[in-house]
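Every chain is named by a letter (A, B, C and D) in the order it is written, and numbering of its residues begins at 1.
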Amino acid sequence: MDYMDRELHEECGVFGIIGHQDASQICYYGLHSLQHRGQEAAGICCENNGKMIFHKGEGLVTEVFNQDKLKELQGSSAIGHVRYSTAGGGGIANVQPFVFRTMQGSMSICHNGNLVNANILKQELEEQGSIFSSTSDTEVLGHLIKRQSGHMIDRICTSLDKLDGAFAFLIMVDNRIYAARDKYGLRPLSIGILPNGAYVFASETCALDVVGAKFVRDVEPGEIVRVKDGKLLSKIYTKDPLQDKICAMEYIYFSRPDSNLDGINVHTTRKLAGKQLYYENPIDADVVIGVPDSSISAAIGYSEASGIPYEMGLVKNKYVGRTFIQPTQEMREQGVRMKLSAVSAIVSGKKVVMIDDSIVRGTTSKRIVRHLKDAGATEVHVRIASPAIKFPCFYGVDTSTIEELISNKMNVEELCKYIEADSLAFISEEGLKKSIHFSKEHTCGLCMSCFNGNYVTNLYDSFDKANKFEK
Amino acid sequence: MDYMDRELHEECGVFGIIGHQDASQICYYGLHSLQHRGQEAAGICCENNGKMIFHKGEGLVTEVFNQDKLKELQGSSAIGHVRYSTAGGGGIANVQPFVFRTMQGSMSICHNGNLVNANILKQELEEQGSIFSSTSDTEVLGHLIKRQSGHMIDRICTSLDKLDGAFAFLIMVDNRIYAARDKYGLRPLSIGILPNGAYVFASETCALDVVGAKFVRDVEPGEIVRVKDGKLLSKIYTKDPLQDKICAMEYIYFSRPDSNLDGINVHTTRKLAGKQLYYENPIDADVVIGVPDSSISAAIGYSEASGIPYEMGLVKNKYVGRTFIQPTQEMREQGVRMKLSAVSAIVSGKKVVMIDDSIVRGTTSKRIVRHLKDAGATEVHVRIASPAIKFPCFYGVDTSTIEELISNKMNVEELCKYIEADSLAFISEEGLKKSIHFSKEHTCGLCMSCFNGNYVTNLYDSFDKANKFEK
Amino acid sequence: MDYMDRELHEECGVFGIIGHQDASQICYYGLHSLQHRGQEAAGICCENNGKMIFHKGEGLVTEVFNQDKLKELQGSSAIGHVRYSTAGGGGIANVQPFVFRTMQGSMSICHNGNLVNANILKQELEEQGSIFSSTSDTEVLGHLIKRQSGHMIDRICTSLDKLDGAFAFLIMVDNRIYAARDKYGLRPLSIGILPNGAYVFASETCALDVVGAKFVRDVEPGEIVRVKDGKLLSKIYTKDPLQDKICAMEYIYFSRPDSNLDGINVHTTRKLAGKQLYYENPIDADVVIGVPDSSISAAIGYSEASGIPYEMGLVKNKYVGRTFIQPTQEMREQGVRMKLSAVSAIVSGKKVVMIDDSIVRGTTSKRIVRHLKDAGATEVHVRIASPAIKFPCFYGVDTSTIEELISNKMNVEELCKYIEADSLAFISEEGLKKSIHFSKEHTCGLCMSCFNGNYVTNLYDSFDKANKFEK
Amino acid sequence: MDYMDRELHEECGVFGIIGHQDASQICYYGLHSLQHRGQEAAGICCENNGKMIFHKGEGLVTEVFNQDKLKELQGSSAIGHVRYSTAGGGGIANVQPFVFRTMQGSMSICHNGNLVNANILKQELEEQGSIFSSTSDTEVLGHLIKRQSGHMIDRICTSLDKLDGAFAFLIMVDNRIYAARDKYGLRPLSIGILPNGAYVFASETCALDVVGAKFVRDVEPGEIVRVKDGKLLSKIYTKDPLQDKICAMEYIYFSRPDSNLDGINVHTTRKLAGKQLYYENPIDADVVIGVPDSSISAAIGYSEASGIPYEMGLVKNKYVGRTFIQPTQEMREQGVRMKLSAVSAIVSGKKVVMIDDSIVRGTTSKRIVRHLKDAGATEVHVRIASPAIKFPCFYGVDTSTIEELISNKMNVEELCKYIEADSLAFISEEGLKKSIHFSKEHTCGLCMSCFNGNYVTNLYDSFDKANKFEK
């Protein structure tokens, strides 16, 4: 599905660099390649002799920054952030990086993920006199660090250990960057190195490739890494058991096909899922088509496994951006269709297998099936490269409320009828695991809570926040 | 290849509508779906009780128009234009639609293509006292029509018959739109109809689909069509022999994959060309990859014919737009690569077949081959889905000068060496024809002058304008 | 009255320079100082080795141009234009400079004023095959010049002699600039010279001062001046009798106080008019106040003559620009007053003499009187530094239609009642003449047609165009 | 002197309203009329059922807000801020209003002034675990309030009493607004009421007039006022002695001429200062001129007292805004003068008295004197309507460092020579007091520390921050 039209939203992407005179510029290119992880806001903070200089705003990376703004960000280390949602009423106040000022120096923080015990921690902090500038859970970490004593790394470790939930953090203090990942490994975070020895951190490896960095390794679950004076120091910040539960939707949906997550290529995973989808749910048809962009790999996999030719039966208009004037309801009723065109010359008179990566509310699927039939498809068989999403995510993905998750309300037959498809099938959880783990030694490391409700953390008050949730 | 990074440029796309109260809005959506035909400027003119109201500017359709501008364009008929080049020094003066004012009323004109006898006609007109506001050859038609007498359709026909070269014209006068195509059919122009009976004209059928119009038929070579009071009148405006010589590059490169040109689907053509490319130039390899976006169909065709799996070995960053800050030379040398990423996980250690749609100057191909090898490809075999481009185009495509066309200076072996590929092959002219004509009764109707120098028109002074050209 | 809130509008200002490597930049500063003559659109055209390069757009000079746009305009001569009205439906097409292209070279034209025989000339030109790109009367001159033969200066002279009405023209061809003024001298045009010998032309001398040019002399009525190779050549282009009828409102209202028109300073004229106004219409009061900005000089004159202290009883908000969000009707009714604040501390309990430069429709005067009374003024005596405007202008001033001119419908007593003033008086025609001519040898040279209907030209069809006019 | 070219800068203006459904819109108009107090940034926060919704950004009020942004700010109370300086490296983080979030609710704060003990308070707060998001001293108040207990008004009072320095605060919590002024009354703050009963607060009374509010009274030194449910409650928050030391420069320079400060009109004060200036420093001359805009009132006063006519010898270009392209050094050397034009027709051959409101670094005065002489003035006598500024301000005015204050380094004779004037005189402190206090009962209430170094507060570490200061 197109990034601009997604029904699921990743909350963020982070990028950091230390040891390069053009740190902010490289950060700009890194964030730009992570743009698919968040299109609502962006920010970069750089450090220059202890001073934190930052710029952030609402919009795409290319909208928030221009030459002049970038030139102001002089310094040899920088961290940056792209963000999906500015929800919460905070607007610009919630855009990261956050900068915290103290008499001893400043600190800047970026966060991808979601903390499940943020409210509990906030309450404790407030009782001690803390006050918050944003509605973001990320701000909690700054306050915790401030209240610890000792060496900075110890203060950070103690603080991280109090957090529960999903996170990849970049923390910049003076001439150091710290990078940490939650103990479940829910959100990805990779380390790279530039030819000049500068270390680079990114949510996805595609950002390393784009800036010309060599992949070093992933930050491990429960690990904090510090770079100072060109040297990398590693530490486990918790005594809790470490797990390996990276979010399955990172593979199937969020990440760029050229990224590798925990060593496994995303496109390859998707293509294998497409093949597996065929093995589990074969169908006899004339053409296989994918919903652009994120379902193309799976569609080609399905085509290869089945021998049914892959065709470009749906075409996306790539120029639909923020300034696009949306057609009115009246226009849409008259047939104006901006984002996806069903190609009549390809689907007319044909049995079509339509591959998509997921179904959230069902409305998009229903609309596409109708487009294909209007364009002359005689049958439309929908195959979904992820299991049915039945539970909300509390780890940084903006699924709808549980009530809006259509698979929570309908079984496959009902849903098939609802979206007016001729058949509908989802890949099995086992099948998805197999697609992802084909080359991985360990075979249990995925968070699949949105499919099966087996949350990897305690949920604290998150149940109540999500409000209408009943398991 | 990506539309933003193209080495060949289509000059224009046109869209028109008559008989709908929201004419300008529909025109906006139509132009938007033709954006790939020209990203430098856009304009819409609508007619309201004899008054021509227009807005035009430099940039994408979404940049030139906003809600307020669109609302000012009230009227039941409209014509619009997207333009690649504002070259010629004229800037905004050359942006279409052109509007001509006379005491008897106004006239508006849009043009896709290039006239080869424009200078001769301009000289004649100037000798009679005419004066020009732009450097565009399109303005000539307005002056010619003004100097004829009789009924408007006769004045237009007489004028069109004086023109030589490539054109699809939309002419709006009072409550009428005229649509005409050159006698060789070099540039495409299709007719559609909306549910309410409004007629629609567009350079490509994808625009008909997007606005919800049903395809009626193409305008034929040498034909002029007039719509007035909801009725369509057709006429052949010339006694010259009519030909059927649509530009081959429209299929292989310019048009959107979901468009049908003279009844043939573009994606299908490209996929067949990919298959044909394999039959003519087979190679044993591990993966087939395509250069996004326009070579993907051919790459899948090559994969299906060869049985070599298609993989996403090159990924394009879709957010590279006009406000993107280009990396400096220094950045690029350090390895920053913004537009295309070669996916190491897919190509490393592999023999790769890389499919592209054309080679113009050779620099892009050379760069991509190097990216693939840097990413670990052991061999890169380049296959091109069009014959070698050896001659400049005078019909509205901005090829480089003949000196820059690398296939004019190197044979295939030399070029292969230059781009550092392990092998290189182009589809044959015959092969390309076969791919395009598979379902067409007539088999000779393509302009292939950029491949073989057999220009379909007299070239007048165009040789000299192109300056360094020696056949 | 404030330039942004004016009820009378000058149509244009022109600026030209030849013989300076930064011609466009100097033109930018010159236009900027003429901004009060037209805020709707601006343009600059420069000449570079025979090529005309231009940029123009809607908005203030500072909105239309930025560094990048200005840098593109390389060349050693340039002409520019600011324009009030883009009325006529032409939009951007009517923004000047106009550029005309011919095989022999290009020509660029700027015009301040209005032609009264434009329609007659247009009809003749159309009968000979001409076609127009704009609805502006200025385009006529380009067509006329094109159709003459012989040396360029003769072609221009012959063409100018066919025109009737008000004009100051700048015409740029190759390495020459021509500057011409109508035979009545209705619109001003001055010549200056820079330290490096570059000649400069401007609608007002304030633009000469701003760019550091020394005033040379005014272009005379019926004169054309040509600058080529740093030499100035002068010619009278007509055998018609020459007059000296500069627009009286240029002194009283349009021009900047620091400009000299035909050798007489504008501020000085206004102050004298203020004194004269007192001599003709004395009143006993506590304070004199002026409506900012254009009536301040007259108010100070009234104060000096009367001995009544001048105070700042009305304050204008200087930040009301184009992006200002206008208060809704509801807001205004609640008392929100953005443009002018009446200062209670100054007028409360006082008899006030309020000086304004003119009354057009009367609504503004009525509103200000009410503000003053709301602020506590016990009496408001209105004194107007121009005679009552009873007739429309056909020479380039956008007065309202004759029906809207309140002095055409009401005598002074009625009008006084209408605006709710305690007394009202206008300066006499003789008094105004005296104020302007105090230092001038000739004493008859003013166009006062808007006061007395004695138009200096034949009006052709202008009566009908102005439609509701009955003398 | 022009607001855009000032050498002294007020840091801020504040506006608040409670009890009106269009609170944000009225706040917009209020801030707009306070724009002269800060042009670098602006913000509005409104309260809607306990939710704080805000928008802020860099630029003028009209640049930061548009219709859409304003519409998002729904709620019946709002506070807003215009700010001069975003210095301190904080950029957008330092733009007000600040919003603080707690579990019990949110709070929003605006501040005009400067705290002298902010660093001491910050250090104490940090020792208790507080962490800061900005470099602004304003944030301190939020933290202090958070750490108190009891009723909100008591928490605020206790917190305010800990602050030392200059402030006018607006604090919005739930359905209440609190307004407080420092115990010296250094910064102004007035209360108004709208016809519907809504209370309004503003730094200057001009903002009350503009929104149609009736002046109620000023907030008194040391007073806090709370509005809740349409009722106004007043309290003195400190046991310290209260003083009446409003900043003298508010009268002479910062405030709009139509504002009344502590009941005295600003224009009137300035005109009296102009008269006093003549009585103290008479001179025989031909014309009196003022440096626009803030010195015009004083110039007219000088003219009235002396009988020397006031003329418009300096004209300002009102269109010089943020997008204006500044002339290069080369251009300026060639004579391009954008901001102020000296009017040759008025000053040539004349003895000129030039009135300005202050001299800071002396460079602007020197430049203007030179312009006047270049324009032909035979003598230029400079008279300054404030005493010489010899000491930096620590109460919210951005004077230069002490080293840059030219009157700290030169006596009047030396300075006269430096600015190349024929004579130079400043008003005396006594004279200024007399001008301001003419109608005031108490005669000691002015802060004149920038003239005489008698600071009204302890300065703590401000001496060291200002660094080069030695008394």
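Quick note on the criterion: contacts are C-beta pairs under 8 Å (C-beta built on N, C-alpha and C of every residue); 3 or more make two chains touch, one makes a residue touch a chain.
Note that the structure is a prediction, hence the values are computed from the model and not measured.
Farthest chain from chain C, comparing Cα centres?
The chain farthest from chain C, judged by C-alpha centres, is A.
When the C-alpha atoms of chain C and chain D are each averaged to a single point, how far apart are the two points in Å?
37
Averaged over CA atoms, how far is the centre of chain A from the centre of chain D? Could you give it in whole Å?
Once rounded, the distance between the two centres reads 47 Å.
Suppose each chain is reduced to the average of its Cα coordinates; what separation in Å results between chain B and chain D?
Centres of chain B and chain D (C-alpha means) sit 60 Å apart.
Of all residues in chain C, which are in touch with two or more distinct other chains?
There are none in chain C.
Kindly provide every pair of chains that touch.
Per the contact definition above, the touching pairs are A-B, A-D, B-C, C-D.
Within their complex, state which residues of chain B touch chain A.
Residues in contact with chain A: 3, 22, 25-26, 28-29, 32-33, 35, 60-63, 65-67, 70, 194-196, 206, 209-213, 256-258, 260, 265, 267-268, 271, 293, 296-297, 300, 304, 309-312, 315, 317-321, 323-325, 327, 331, 334-338, 341-346.
Inside the complex, what are the residues of chain A that reach chain D?
51-57, 89, 91-93, 98-103, 119, 122-123, 126, 128-135, 142-143, 146-147
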